[in-house]
Amino acid sequence: MGNREVVQVRELFTDARLVATRDLRIEARSRVLLNQVAPFALLVLVLFGFALDADQRTLRTFAPGLFWVAVLLAALLAVQRSTSLEHADDAHTGLRLSGMAPSSVFLGKAVAVFVQLIVLETLLTMGIVVLYGSEVDDPVLLVLTAAAAAVAVATTGTLYGALASGLGARETLLPILLLPVLAPVLIGATRSFDDALGAAAVDGWAWLGLLVVFGLVATVLGALAYGAMIED
Amino acid sequence: MAHRYRGGVSVVELRGAVALLGRFPALAGVNLSVDAGETVLIQGPNGAGKTTLLRLCAGLLRPAGGEVVVLGHDLTAERRAVRRRVALLGHSTGLYGDLTVAENISFWARAAGLSAPDAESRAAAAARLMGLDQRLLSRTVNALSAGQRRRTSIAALAVRRPELWLLDEPHAGLDQAGRDAVDSLISEAVAAGATVLVSSHELERVRSLSPRVVTVAAGMVVADSSRSGPATDGDGEPGGGPGA
Amino acid sequence: MTHLGYLLAGWGIALVVLGVYGCGVVRRGRRLAGTVPEGEDRWMTSRGENQGG
Amino acid sequence: MADSTTSTGSPGSRILGLTTLLGLAGLLLFAFALTEPDVRLHPTTGEEFGQFDAVRLLYLHVPMAVLTYVAFLTCAVASAGYLLKRGAWWDVTAHASAEVGTVFCGLVLVTGSIWGKPVWNTWWEWGDVRLMTTLVLFLLFTGYLALRRTPAEPQRQARRAAVVALVAVLDIPLINRSVEWWENRTLHQQSTLAELKIEDLTLFTLMLGFVVFGLVFAWLMLHRFRVGWLEQAQADRDMALAIAERHAEMETLDVDAAIGRTGGGK
């Protein structure tokens, strides 16, 4: 029977890749992330600057936290976009009828959101370097943290995006459900960036560990629970 | 296991089936049995439950009462097993607006588990059947008219070669050529041994396929051309209740 | 007694909120029990294994 | 005597309710009259320090905090049970414990804040592990209850809520860990109690607090569960009525007219 399981696992990843490439191709065509979400995220950075009185030292100290708040807000939009792709013309129903395992759809959509978050984080990193004068002390830690946090946000966001879909008040429900769950990610990623950007003396690698654990748990849990979310 | 019925193999077997939309019983106790290879026209006034009946058969809704067996699977217990073997054409097109027609069709073919080469060849055949020419194939769905979208949507379903077709007003929004294409699709499907349930207001057009006609009203089957007597099996009264 | 204001506020808020919530639950129960006919509202008997605590 | 046809009360729940009220009265007596305030003398200077009478808030705060976690854990277990077994009993239990737990959780935050002002000299302490964890937990379950209130097909609703509850409870250790490392300081004493000069009577009163608020919790759960159960019964009945109504529609419906002339169909 081991053979059958191998086939199933291969099918899982083939289908996930199919869904991921489709979502990314749609993004490449429609440019919603690049034209709308990314400018929004940068705008948030600028607004923080206004609100904190343009004091470069303050901004540099708080850059990690402001960075991750901006990422979370932009991630909400990315997740909503990812969900609305399926609901715009009820492709959602087609997916359920396709016979693809819900786990594949989950992984595929999460990968697509992950890639978009990485792009977003790259732009925002440039943003805090230019606008807040942050300096990168530890590029390896920075990159790994950005990747681990993106996994955590993409998987949790994809699961909760499906959860809030098909309900009356889905747009307003998503933030209050998703953001508290992501509280550890915000804290962990901020602390890790504190280290990587030299904003505070903390051990960023320990925090990276926490982010990795969160990401793994969210991936496994999401893959298992996504079916329960999209079924009627 | 297949359910035997009147000598044929029963593809759809509903007994007292109840289905909810939210908390509203859109189907309030449907009795219906369809054999393999049959073409069934489902007619009825707006709000009778035609769409819900088709969605229930596709395994999209959990039966809230009664017994629902499709292609040998009891849908109360397992609905996913049925889905790959049926095709449901609903009111929405189920397409991605930013993808081209060709990309949409081949995505749904791949999603149905076909290998890439298979998907391409079947997609080409389905596009030909629905009259989608080369120029249209490379256009994004956003740039199509409603009728062209409908054709694309049907083509994306045809690639799956389902055993059971569930067509919800397939002629709506199509021009003459499109309607003819739908009719030939139905004939081909039946010739290939598939079963077709079609709801339509285009009664005369569907009649030319000489289907069995089932009339639905208020969430129940109230008349059935294949029965000489009362509409429902067993108790005979449409108000007989959801045998839950 | 020191901190009397804090003590009254803490205990007062807690007991009042619990009281109001408890009354609300009981009232909801009364309203629902009125609409559900005899025999269907017996949490001890219907739907198998349950017992309300 | 009114019985379950008119309310969620039953002989058992009435006895429980009376015991709870008596227990509360007893607890108030112990907490305010019989126990001493927390006053310690500094070993060298001889100055008085401690929590003084503010300690009397702990007889309320600590038991409720523990019960909050009990409630959310119950909710998680019931949610897992629902996902595995699909019984209405699990779903109703999960909803009831989440609601009661959220009320308790809110009160824990409020009473903790009121206690913190005189003792820690601040209403709110960012970076305190238990405080922050409890706050995030409160927000998580506020979201859960909001989800519960959205209109949806009941079983779908139950399934989605179950996943949210499980995610929320699995998130607790991560939140706890992250806040703990975050500031590396906590005002909450290793155990608030270990530092107190624990006398027999203080300890007894605290234990009494656990028992009494445990009774309050049980009473609320019992009634809230029954309300949920009645809601299910009502939903079933509403569905039966709606089906009957649909059947009655047939009387007034002119099918032939609605679909056009049916010709040779039958």
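Order of writing sets the labels: A, B, C and D. Residues in every chain begin at 1.
Throughout what follows, contacts are C-beta pairs under 8 Å (C-beta built on N, C-alpha and C of every residue); 3 or more make two chains touch, one makes a residue touch a chain.
Quick caveat: nothing in here was measured; it's all calculated off a predicted structure.
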Pair of chains joined by more contacts [C-beta pairs], C-D or A-D: C-D
Distance between the centres, which are taken as Cα means, of subunit C and subunit B, whole angstrom: 49
Chain centre separation (subunit A, subunit D; CA means) in Å: 31
Centroid distance [mean C-alpha coordinates] between subunit C and subunit A, Å: 41
Euclidean distance of C-alpha centroids - subunit C vs subunit D, Å: 12
Shared interface positions of subunit B, touching two or more other chains: 62
Multi-chain contact residues (two or more partners), subunit A: 231-232
Multi-partner residues of subunit D (each touching 2 or more other chains): 151-153
Chains grouped in pairs wherever the two touch, ordered by label: A-B, A-D, B-D, C-D
Subunit D-touching residues of subunit C, taken from the complex the two chains share: 1-4, 6-7, 9-11, 13-15, 17-18, 21-22, 25-26, 28-30, 32-38, 40-43, 46-50, 52-53
Of all residues in subunit D, those that touch subunit B in their complex: 151-155, 235, 238-239, 242-243, 246-247, 249-250, 253, 255, 258-260, 262-263, 265-266
Contact set on subunit A toward subunit D in their complex: 156, 159, 163-164, 166-169, 173, 176-177, 180-181, 183-184, 187-188, 191, 206-207, 210, 213-214, 217, 221, 225, 228-229, 231-232
Of subunit A, residues touching subunit B in the complex: 11, 15, 18, 22, 25-26, 29-30, 85, 88-91, 93-100, 231-232
Of subunit D, residues touching subunit C in the complex: 4-10, 24, 28, 31-32, 37, 52-54, 56-57, 60-61, 64, 87-89, 103, 106-107, 110-111, 114-115, 117-118, 216, 218-227, 229-234, 236-237
